[in-house]
Every structure is written in structure tokens, then in C-alpha cells.
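Below you'll find the structures, each written out as C-alpha cells.
After this come two complexes, each holding chain A, first together with chain B and then together with chain C.
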Partner chain A sequence: MKAIVTILAVAALASVPLWLRDPYLLNALITTGIFVIGAMSLNLLLGFTGQLSLGHIAFFGIGAYVSALTSLGFDIGLLGGFRLVHTPWPPIVGFVLAILIAGLCGYFVGLLSFRVRGAYFVIVTISFAEVVRLVALNWVELTQGPLALTNIPSVALPLPGFGELTLRTKFHNYYLVLVVALIAYLLIARLVHSHFGRSMRGLMENETLAVSVGIDVTRTLTIAAVISAAIAGAAGSLYAHYIRIIDPEVFAFINTVTMVIMVISGGKGSLAGPVVGGLIFGLLPVALRPVMAPEAQWIAYGGVLIAILFVLPRGIVPSLAQRLTRRRSGTTALAPVALSETGAKEPA
Partner chain B sequence: MTARSIAMTIDQVAVRFGGLVAISDMSFEVGEGEIVSLIGPNGAGKTTAFNVMTGFLTPSAGRVTYRNTALAGLKPHEIADLGLIRTFQRTSVFPNDTVYENLLIGLHRQGRVRLLDAILGLPGARASERKLRQRASELLEWVGLERRAHDAAGSLSYGEQRLVGVALALAAEPSMLLLDEPVSGMNASETHRFVELIRSIRDRGITILLVEHDMPMVMTVSDRIVVLNYGRIIAEGTPDVIRNNPVVIEAYLGHGAGRA
Partner chain C sequence: MSEFLQHLINMLVLGGTYALLGIGLTLIFGIMNVVNFTHGVLYTFGAYIMFIVVQQFGLNFFLALPVAVLAGWLLGAAIELTLLRPLRGSDIDTTMLVMIGAWIAMQSGTLWIWGGVAKSVATPFPEAPLVLGPVSVSWLRLFVLAAAAMLILVTYLLINKTSLGRAMRATFQDHDTASLMGVNVDMIYTSTFAIGSSLAAAAGALLGPVYVIFPQMGDLAAVKAFAIVILGGLGNITGAVIGGFILALAEELGAGYVSSGYRDAMGFLIIIAVLIFRPTGLFARAERVG
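== the complex of A and B ==
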């Protein structure tokens, strides 16, 4: 049943560019898809370890800048009169480097903040994103600052025997984003259902107990942060090579908030949640634009969010899944969310 | 105590919270394969002692040694890796997961596979997963919770949750088990079954240190009893010795001694 739904959903998504000819809508779908990948990575932390990263866009933006700079090249002065010159590499290398460097940043942020966790993690991530934004804004020699990095090349896929396929059109980029999103989804699904996933859940539900059976908190959370940041970096790289211009505004706080909204509305801790929430809140502005004044659009956006959380408080996917099972079994399923209150910590 | 090798040594441990002395100068030993109970009135320092032994609390003075390894400075999960596993007085389960899933989480120490293997679904990772599921079923059967396997652990009765807690601890493959008031909240027949369970755990070679208020239960199950009062040990010996010790009767047992 679940497999059929998944296959149908993927088939439906894959068919879109075949019948949708409107470039404006296709563009909206591509950027939404990129943000859905970001939201999925955020969900790995927020939904499966309970850690809220309010600076998640930093990893996305780092991925975007790393990928852009790798494929554009740079020439910067370092301390002591040295110059660091980098000649352009193919965007595909930039994509890989974006994943690695974003993951590395995730490692350091995780290592720094998971010793304290909770509110501290939230604050560290916000500060991290802000610091990175200021660096991008002020290190003009490297990033062009507010003038933006322009003319970022499109991704080119090496095809053995055929030379290269440059993904310049929306048609191409749609499929690129779809494939990366599928890989990210599968990766997260495997991770969550593995033994490692159970450790994450154990930590989220009852940390003291999890530790007492031998689960290493810092290690588990840091690994989750690295993978989450790496996926966000991949999304950032896609963004840079699709939009082909990036400026420090990519680090804006509102972008993190958008991802958080996508995760919470769709259902944190559910694999499909960020996809559903992401599609709704990624496409909602597009749907509202022709029928409303700009100010009213944001009010409607907020209204839809409140309505969803009011009717389906645990997010769309978990709430609907729960209703479905309840109807099928004919009994009132116990709402696990109510029980988490009893998961209070044991005094040490 | 004579021929047995020593599993755990508690040597002059003291814990102070500011001016409050929770434990002062506590020293005792637990032999391999022994069932030792730590008893005493509320606030005597029993749970504090547990927290020290499992790394949740750093003692102000003294040292704890388990199988010749000093525990000072080790984190709780590192102590768990030595085979020293505890249960908790209150929240003893992962409430949102099924009992079966609880045990799979508890099997963490046996399920360590390389993360990449798990993500790629390599045969090694899948074999390990099969083994874990097998082991979880065995554990459920051992503690008698098969019927509850697919219920959310948080929806179980208090007594059953204690059993899940014990099963979780067993899943971590302890060589020594620290049980913090395991039968509180259990009725008489549940308690009776639990005593059988403790014996069967010991029969598998697992050393047990028990903190408990249920005196009849303690007297039945223990090889040796250590009595704490106001953070210090006031008596130590076999159940018969403790039952007849006037200091203990005065401090703690009161009329309960007659029943036991």
C-alpha cells in the first residue's frame, strides 16, 4: 500500500515536465524542489533527533557559495602577500565539494553545540548562519559581497562516449532536482530505519535511558548534523547552478523559517512530511500571486499555516496517517504525542 | 563472599551537594554473580549511589572500580560499554515506541554496524538486523511481555513498564545489573514473578545490585544486604543477620522485620 503510493507519487512528479509547458510554473517547481531537499535535511535533525537548527540555511548557502566559487574560480590575497588562485573546475566537482564542506561545517557546529543542546543549539545555529552571512557580505574579494556572484555555469553531466550534457533548460534541471531529491529521501529513509535511526529516536524520547544502554549522545547527534548539513549543501549547490547568481541574501533568516514551516506543517519526524509541506508552502505564493495583492498574500500564507496546524496539529502526514489507521482498526489509536509528556528526564 | 572474585568495589565514596551530605564514606564490595541489596529509608542515598556507579554523578571523594577498571571520568555510555547497566526508578521506557522497538533500541551495543553498510543495505547490516530482531523476541519471552510486543510502551501499566525497563537493560548485555526499585508499582503476583526473573538473570551469571523498599522481596532474593542511613552504611550482612540487627530494626525495618 505504502509502496504503491510512493511509486505513484514519484511517477506523477516525473511526468510533470512532459505536460507542463509553462516555464514560470516549472521554475516554481524547481526552486520548490530545491527547498524541499533543504527541508528534508532539516527534518533529519528536527524530526528525528529533536534538535532545532534555526541556522539551517547556512549549510545551504555554504553549499551554494562553495559550488559557485569552485566553478567560477577566484584570486584572493592572503596574509603576508600570498595569493590564492583557483582556476575554474567543472560544476559537478563543485557539487561534491559543496556536500563535503557543508558536512564539515555541520560537524563543527554539532561538536560545539551538542555538548549543551536544546536552546543552546538553536542559538549557536542562528549565530553561525549570521556570521557566515556577514563573511559572504564583507569578503568582497572572494564573494563579490552584495554585488553577487554571477554567471555561475550550469551543471554539466559527463556522458561517456557522448561528451557532455549541459543542464541549461528548466526541463533538464527539473529532473536533476528530482533525482537528487529522491536520493536524499532514500538516504534519510535508510538512515532512520537503521540501527542508527533507532539510537536517534531513543535519544529524543528519553535521553537518560538511551545513554544508560550505551548510546553515545554527542556522536549520534554529530553524525546526524553532518548528514543533514551535507544534504542541505547539496541543495545549495543545485540552487547556485540553477539560478546562476547568488548573493549574501541567500543566508537570510526567512529562508530558514520557510524550511521550518515546510517541516512542521508537513509533519516533523515523518519522511514524507517535508515533501508534502514543502510542495504546499513552496507553491502557495505562486498560486496566490494572480489572485491577491502582495500584502494579502503573506496574510493568506500565514492563515493557511495556522489552519493546517489547527486542524492537523502534528502536521499533515502524521495526522492523516493516524486518522487512516484509526478508521481501519475501528478503535481510538493512542496519540503518542500525548505520551511524550511522560518522557520527562530522570534526575541525575 | 570468600571464594568469589569481586565485581565491583565502592571505596570511600562521598557525595555532597553544597552543604548537604548525600553519601559519606561509603565502602562495600559486590562479588561476581551475587545478588546484593542496598536498602535504607527514603533519602538515605541509595539512588545517589546508583548515579555515582553509573557515571551520571561524579563523587566528591572516593572511587568506584568495576572489574579492575576505575570508573572515574567515564561517561555513562562508556560505563554501559563495560557491561554495567542500570534501570531507572521512574521513566524506564521509550514511551512512543512499541515494546518491541524499545528492545531494539536497547540492543544498541550489539547492533553496531558501519553506518554506510546500513545505508547501502549491505548483507552484513541486514544479517545484524535479523539477529537483533531474533534477540528482541527472545528477551520479550524471557521477561514475559510477548503479548505486549506491539503496544506503545507508554500505554502499558506501571508494573509492565518496569518489566520493559528491565528487558531494556538486559538487551544491553549486562555483566552487572543495577535495579532501582524495580517492583515499586507491582502487585503481589507481579512481584513474585519478578523475583523469579531476578533469579533467572543471576543464573545466567549476571551480578545484581538492587535498591528496593519491598522488604519481604529483598529478604527473599538477596544473598547479602547493605543498609544505608543518612548517607552512611550502618549494617551489612546476610538477610538473617540484617533481620536481627538491632541498629537496622531501629533505623529502618520497624515492624516490617516480623513479616519478612
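== the complex of A and C ==
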């Protein structure tokens, strides 16, 4: 049943560019897809370890800048009169480097942040993202500061025997984003259903119990942070090569908030949650654009976030799933979805 | 040397308003355990009240300050009653996200009503600064410092010398016990949020005329307030005052001797450094767990 729904959903998404000819809508779908990948990576932290990171856009932005700079090249002065000169490499290398470097940053932030929890963790992650934004704004020699990095090349896929396929059109980029999103989804699904995934959820639900059965808190949380940051970095790289211009505003706090809204509205701790929430909130501005002034759209955006937290605090997907199960079994059992299998049951 | 003295003078003026911002947030964070993302909007709101009263109604500059404080108090009470009271008992992440939603909606509302063009407020003070030997300071900034100092003193007395303040401190220590002793905890929460909000509005009303007024001015102010709260320790009013001056000093020295582009990075760097090395704040004694 679940597999059929998944396959139908993927098929439906894959068919979109074949019948949708409106470039504006296709563009909205591509950027939404990129943000959905970011939201899925955030869900790995927020939904499966319970850590609310409000600096997630930092990894996305770092991925975007690493990928852009790798494919554009740079020439900067270092301390002591040395110069670091980098000649452009293909965008596909930039994509890989974006994943690696964003993951590395995730490792350091993970190490630092998990010493502090709760509200303080949130504030550390916000601060990290803002410091990175200010560096991108002020290190003009590397990043061009507010002037932005422009003319970022499109991704080119090497095809053995046929030369290269440059993904310049929206049609191509749609499929590129869809494929990366699917890989990210499968990776996260795989991870969550593994032994490691049970450790994560065990920690989230009862840390003391999880520790007592031998789950290593710092190691588990750090690995989750690294994978989450790496996926966000991949999304950032896609963004840079699709939009082909990035400036420090990519680090704006509102972008993190957008991802958080996607996760919370769809349902944190549910694999499909960020996808459903992401499609709704990614396309909401498109739907609102003809009827509302931009400022009013944002007012609606804030209002919808509040409304979801009041009405559906667990998100759309878990609430629907619960309603379905209840109807089928005919009981009123209120077992939360995330609690259905706890990692703490299984000794490590 | 005279340059350094000038930085110290600027630090005093800036620090006073930062302390106001910090006290407001530390009260809300400490007593209610709510990470208040609307704090920056209240700051912006205070500045716009100043603009409306002085520029649009043409009323007296000195009258505008109490109006801004009162308006901040009312808006804070309204936010608490409509958004936070129904969520009493929810986890901290939920209230934080609701506050983020309120912040986005209110900031966009400000932009919608007043537009994105920066506004300035005319002040009754002379243009020529007060020159004291090698340093100079404008009369407006002196007034800001004096008003901030007065408001800090009033808040201090309110918390430490009145029965409302005693009830607030009791709720901070243990809200169940306070409730058993007959403290109306709901009322304390509303008052706390309203007082904290009015202090943020006051800070905005004071700094607005010094700089310019625009819808996003509160974003950085909110982050700075968080930095101050973390520096001073949760719920620690004296810590918030000292934290306000430390942040102002770090910004002045950072802008003066490192690079003015990194002035606003100081708050974030302080947050990260303090949380790594002294997570309970610089001035915390043994802290309650829970």
C-alpha cells in the first residue's frame, strides 16, 4: 500500500515537465524541490533526534558558495603575502566538494552544539549562520560580498562516449533536482530504519534510557548532524548551479524558517512530511501571488505557521496517517506514529 | 588615547539601550521559558510609535517616550493573551515557532503599513555636540543614556521592591510552589511579557531617533538581546545590564580596531564563545536545574 503510493507519487512528479509548459511554474517547482531537499535534511535532525537547528541555511549556503567558487575559480591573498589561486573545475566536482565541506562544517557545529541543548542549541545555530553570512558579506575578495557571484556555470554531466550533457534548461534541472531529492529521500529512509536510526529515536524519546543501554549520545548526534549538513550542502550546490547567481542573502534567517515550516507543517519525524509540507509551502507564494500584495503574503505565511501549530501540532502527514489507521482498526488508539518503534528496546 | 575615550563614551550610550533590551528578554526567557522572537519587532514598534507621535501627530518628543512604553506594554500583553496563554504547557520548541510566526507576520505588517523607506525623527536637541576635552557626545545621545538609566532603575525597583516583583521572582524560582502560595501565575506571565515588551519598545523609541527607523531594524536588535541574555545568564537582571555594556564595548572596539563590517558579528561571536566556555553565563552562581 505504502509502496504503491510512493511509486505513484514519484511517477506523478516525474511526468510534470512533460505536460507543464509554464516556465514560471516549472521554476517554482524546481526551487521548491531544492528547498524540499533542505527540509528533508533538517527533518533528520529535528524529527529524528529532536534537535531544533535554526541555522540550517548555513550548510545550504556553504554548499552553494563552495560549489560556485569551485566552478568559477578564485584568487585571494593570504596572510604573509601568499596568494591562493584556484582555476575553475567542473561543476560536478563542486557538487561533491559542497557535500564534503558542508558535512565537515556540520561535524564542527555538531561537536560544539551538542554540549548545549534546548534553547541554547537553537541560539548557537542561529549565531553560526549569521557569522557565516557576515563573512560572506565582508570577505569581498573571495565572495564578491554584496555584488554576488555571477555567471555560475550549469551542471554538466559527463556521458561516456557522447561528450557532455550541460543541464541548462528548466526541463533538465527539474530532473536533476528530482533525482537528487529521491537519493536523499532513500538515504534518509534507509538511515532511519537502520540500527542507527533506532538509536537516534531512542535518544530523542528517552535519553537516560538510551544511554543506559549503551547508545553513544555525542557520536549518534554528530553523525546525524554531519549527514544532515551534507545533504543541505548538496541542495545548496543545486541551487547555485540552477539560479547561477548567489549573494550573502542566501543565508537569510527567513530561509531557515521556510525549511522549518516545511518540516513542522508536513510532520517532523515523518519521512513524507517535509515533502508534503515543502510542496504546500513552496507553492503557496505562487498561489497567493495573484491575490495578495507581497507584504500581505508574508503576513499570511506567519499566520499559517501559527495556525498549523495550534491546529495540527504534529503535522499533516502524521495526523492523516493516524486518522487512517484509526478508521481501519476501528479503535481510538492514540499511539503517536514516532513512538511505534523505539530504539531503546534494542540493546546496542 | 582620545579615540579610545570616544569609544568608551559611545559604549555607554549604546550599552544603556542594549541593557534595556536584554532585561526585557531575560525576564521573559527566565520566568516564562519562552524564546521570544517578537522582541525585535517590539523594538521596531517602539521606534515607529515615536515616529507617529512626533512626526505625524506633531506632539512633544518627551511625551512620545511614555506613549511608546505604554503601547509596547499593551501589544506585549495582547501577544501573551492570544498566543502564549493557550499554549501553556507546550514544549519550548512549539512556543518558539509560534513566536517566529508572530514575528514574520508583525514585521511584514510594519512593512505593509509604513513601507520600506527609512524614517527619521526630529529631536528638540541642539545639533552641536557637547565637547568634553578630547571627546564629544551629542545631546540626544546623552538623553538616551539618561532615559535608559532611569528605566533600568525603575525596572530594578519594580522587581526587587514591589509585591508584583516578589511574585515574579517566586514564579521564576518555582512556579508550582508560587502557585500554591497564592500567586496568580497566569497574571504574572502576562505582566512579565508586557513589561519585557515595553522595555523593548522603550529601547526602540530611544535608539530610533539616533539612527533611522525601518521595518527590519529589530532583527539585529533581537539577536543582540539574545547575546546579552546569554552573557548575563538566564533571568539575571544585573547580568543583563553588565552584558549590555560588554556587548556595546565589544562592538565599539570591534568596529574601531578590526573592521566596521564585523561590528554586528560581535554579538554572535560572544554567544558562541560564551556557550562553549561558560554555558550558564558569565555571572551565574550555582543554577537551579529544571
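Here, the second predicted complex is superposed on the first by the 324 of 348 C-alpha atoms of A that agree within 3 Å, B and C clash if a C-alpha of one lies under 4 Å from a C-alpha of the other, contacts with A are read in each partner's own complex, and residues count from 1 in each chain.
Rule of thumb we're sticking to: a contact is a pair of C-beta atoms (placed from the backbone, for glycine too) under 8 Å apart; a residue touches a chain by one contact, two chains touch by 3 or more.
Keep in mind the model is a prediction, meaning the values are calculated, not measured.
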Touching partner for A:Leu187 - first (chain B), second (chain C), both, neither: first
Touched partner set for A:His195, first chain B, second chain C, both or neither: first
Which superposed partner A:Asp216 touches (first chain B, second chain C, both, neither): first
Which of chain B and chain C A:Asn27 touches, first, second, both or neither: neither
Touching partner for A:Thr208 - first (chain B), second (chain C), both, neither: first
Where chain A meets both chain C and chain B, residue numbers: none
Contacting residues of chain A [partner chain C, same complex]: 52, 112, 115-116, 118-120, 122-124, 126-128, 130-131, 134-135, 137-138, 253-254, 257, 260, 264, 293, 295-299, 301-306, 309-310, 313
Contacting residues of chain B [partner chain A, same complex]: 51, 54, 56-57, 75-77, 80-81, 85-97, 101, 104-106, 108-109, 111-113, 115, 118-121, 125, 128-129, 132, 152, 154-155, 165, 168-169, 171-172
Chain A - residues contacting chain B, complex: 187, 190-191, 194-196, 198-199, 201-202, 205-206, 208-217, 223, 334, 336-337, 339-340, 342-346, 348
Complex interface listing, chain C residues touching chain A: 29, 35, 83, 86-87, 90, 92-94, 96-98, 100-109, 111-112, 219, 223, 226-227, 230, 259, 261-262, 264-265, 267-269, 271-272, 275-276, 279
